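Letters are used for the chains, namely A, B and C, taken in the order the chains are written, and counting of residues starts over at 1 for each.
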Amino acid sequence: MRLDEIVARFGGELIGDGQLAIQQVATLERAGPTEITFLANPKYREKLGTTNAGAVILAPEMAKESPTACIVSANPYLYFARVAQCLNPAAALATGIHPSATVESDIPATACVAAGAYIGPRALIGERARIGPGCVIGAGAELGADALLHANVTIYAGCKIGARVIIHSGAVIGADGFGFARQQEGDDAGAWLKIPQIGRVLIGADVEIGANTTIDRGALDDTVIEDGVKFDNQIQVGHNVRIGAHSALAGCVGIAGSATLGRRCTVGGGAVILGHLKIADDVNISAGTLVAKSIPKAGNYTGALPFLEHSQWLKNFAHLRQLDTMADRIRALEAQVKMLATMPGKPEDEF
Amino acid sequence: MRLDEIVARFGGELIGDGQLAIQQVATLERAGPTEITFLANPKYREKLGTTNAGAVILAPEMAKESPTACIVSANPYLYFARVAQCLNPAAALATGIHPSATVESDIPATACVAAGAYIGPRALIGERARIGPGCVIGAGAELGADALLHANVTIYAGCKIGARVIIHSGAVIGADGFGFARQQEGDDAGAWLKIPQIGRVLIGADVEIGANTTIDRGALDDTVIEDGVKFDNQIQVGHNVRIGAHSALAGCVGIAGSATLGRRCTVGGGAVILGHLKIADDVNISAGTLVAKSIPKAGNYTGALPFLEHSQWLKNFAHLRQLDTMADRIRALEAQVKMLATMPGKPEDEF
Amino acid sequence: MRLDEIVARFGGELIGDGQLAIQQVATLERAGPTEITFLANPKYREKLGTTNAGAVILAPEMAKESPTACIVSANPYLYFARVAQCLNPAAALATGIHPSATVESDIPATACVAAGAYIGPRALIGERARIGPGCVIGAGAELGADALLHANVTIYAGCKIGARVIIHSGAVIGADGFGFARQQEGDDAGAWLKIPQIGRVLIGADVEIGANTTIDRGALDDTVIEDGVKFDNQIQVGHNVRIGAHSALAGCVGIAGSATLGRRCTVGGGAVILGHLKIADDVNISAGTLVAKSIPKAGNYTGALPFLEHSQWLKNFAHLRQLDTMADRIRALEAQVKMLATMPGKPEDEF
């Protein structure tokens, strides 16, 4: 693809030779003369001078520093994403059902079911859907057009997956939520009685779900993931959670049952959101934060702990157990100092 | 099922028309005239007035507020669980071995082995056990009567799973524990030598294991999960852990090797219990807590961090690194104030 | 294997009858007369006196206390690892391709492909590699000699796995990294555009990867795991991470994209390392620590929170939100006390 073709298709201002043919995307450090790269974070500016890339996508204020052809865009990373998608179209998979697959529903001729996959009865599979090796799709589940399940994905019965959804290996959609009632008395006191989980998981269009992420089915109502939500790997979503459109969740996040996350939220790696909370639209939660109450207002929220060299940590963090005592001692000191300052002959006004 | 039949079977006091036929369970908000719901948490009391449910299960003190038929029970949620189970019996699965499964052991005629599953030699499979598509059961493993493995579960060789155990997709039982000895000297200094993990996982009856949860086999002795323990999704249990009967662990919990958890404990989401610790019976650990020493006494324990709006967090949490200095400064102030107060002419007694 | 044979092979000093035949390894508590055990941690010293083991591997300073034959070694645990490996050789697996597997590449006659596995085209499989039931290996992937994939492992296209690597069930190697560019304006404002992930995962020799661990492929360059790294279960490794040789990571660790971990590092359970950070060689990070900035120097680092009985936690940790105010109050007190102390007639020098 030539640079002028790229600009014709995606806009931006081209500075340099439009005839240059670009074959692939690459990083500033590794890109060669037939590759295009990008500079989005000013922090990596010094790498620009030494790049061997054929062309660089960058912001207007960096254009002068480019040692090579460049495409100027207000959002270089987004522009780069478009070019990268264009140069790396999804591999065309064979269509049809592999002889080792077991399929108990009708499948469109344009869809692909790979080796060893299993599709139960009454499933609805969309046009051009691709179902990887070893996937299991339960009875009555629905998979939208152009959806892509990588290998070894499990979809439980009755769940609905939207168009163009991508699900990575090991993800499990629709397992039972964690719902049990506790016996209070009798021989079984303390034992748990299972609550049947009869809701479903409903996943909108253009969602991506990372490897080994789990999204539980609802207890009575459904668990709902709106359009365009992006999940990284190893995320756990409890029953009856609702996640608003275009939110993005980094790896290892946990969202407990019946929590509601707004639209366009971001959640950093390893953060945990407790059950039944409501998080507003456009909330950004930092990595490692435990969200233990609702957040009614957009903004950035953090509860992460700084780390220290271990001996420093021992010295400092032991005081966490005495914070209340420290606060009491400060209060007592304030009272004493006030008294000292107001004794006859003390110029109280000075304070 | 009619209301009078429900009360005849499960007890409780019926207020209203016993002839009403109930078809399903539902939430207070969504339930319709042929559905039964429950009110367990007084917080949701205001939803009671507007429910369209055919009947509500609730506590004695709420009975007067019910706009519709109700069943009065001291533990409405437990009662609801019983009704829900009754109205939602486990789907009757086909018995027999799917032709695409590979089975190298004898299987009872009442059991079911689904498409693509693999069962190794010398396995013992109980009556009416159901083994989902793509499951793998290693050589010599045992699966109790009425156990249910959802799709793509892996059981390593030699592990024993009790009666009526439910295991969700992607769970892995019996992988090697994390045991390595470090080379201290020579060319390989720093390299790790694997300790063969020759113990097993022994899982009692009525345990439920969530999606993508992993329970490692013991190094020398066994990892033991007692009866009735409930695991949510994505939990990691290290080698030689022992978990007491009827404990319940929420999603993303990690329990390091050789830790012992008592009976009827609860562990909140994302909590971590370090290795070799002993946790007493009836201990409740809050979400996000890192348990770094043993807990010899029943009770509730917490080590979670509050979160703040990000700029507030920056301002407040930076002081964590200076807590020791803050404590020193308070001590110094106390000494100074004491000296000021005891100087000639100062009425020390006032403090 | 006789004790004198063990010492002849692995060194150390034998005290006792060299003719004793040892059949298995076991713990101090459980070992019987034909079993060998070890004592590495002086904390368990008191168990030595009552052991029924045939022999004990222990350090020189403990040799006198042994009630039975012993092998004296400077590093008893490492010595034990060697003996344990010797007594527990890997099970000899059948070679060849199971008829239910689907294999689209050439496989060496010494390799084993178990039931239901799938190997795509152009894969390179090493001599004696063992591929468990239900594994999926993508097109063009490479698996080194003597590598062992337990059941239901997924390797995406193009990834390279070194010799003698062990991967446990449910692990996913090479899923797409979490890379998206955000639309800033227009109807799609807030929506995410996928960045194709065209890098690979390159895994060195002698690496072990725990159950349900996920290692993402690189965005543009590769994700690299050097020789001898050991991963526990449920670890998440983001795109373009690099992990130095002989590092060891405990369960539930998360490493965000483009982070670099040095050689011989250890990371405790549930710790999180944020993206783009650089961690030096020989860094030890404690369990539960969130690493939010680079660590340029070897050492031990911790950021974990102590836990308390819940009511104590409530009382103490609420002050975390007022730490900045507490610091201000201490500063004000210091100013006041200084002023009081320096007023005419006050002996300032005393402080």
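Here is the rule we use: a contact is a pair of C-beta atoms (placed from the backbone, for glycine too) under 8 Å apart; a residue touches a chain by one contact, two chains touch by 3 or more.
Predicted model only: the values in this text are computed from it and were never measured.
Superposing the C-alpha atoms of chain A onto chain B requires a rotation of 120 degrees, rounded to the nearest 5. Two copies of one chain, chain B and chain C, touch each other, and the residues they use overlap weakly: the shared fraction of interface numbers falls below half.
Centre-to-centre spacing of chain B and chain C amounts to 24 Å, using the average Cα coordinate of each chain. Within chain B, the positions touching two or more other chains are listed as 100, 116, 134, 152, 170, 212, 234, 252, 270, 304-306, 308, 317, 320, 322, 326, 330, 333, 337, 340. Residue ranges on chain B touching chain C, taken from their complex, read 100, 102, 116, 118, 134, 136, 138, 152, 154, 156, 170, 172, 175-176, 178, 180-184, 190-196, 198, 212, 214, 216, 220-221, 234, 236, 238, 252, 254, 256, 270, 272, 274, 285-286, 289-292, 299-306, 308, 312, 315-317, 319-320, 322, 326, 329-330, 333, 336-337, 339-340, 343.
Taken together, the chain B residues at the contact with chain A in this complex read 24-27, 30, 74-75, 77-78, 80-82, 84-85, 87-88, 98, 100, 114-116, 132-134, 150-152, 166, 168-170, 206, 208, 210-212, 228, 230, 232-234, 245-246, 248, 250-252, 263-264, 269-270, 287-288, 304-311, 313-314, 317-318, 320-324, 326-327, 330, 333-334, 337, 340-341, 346-347, 350-351.
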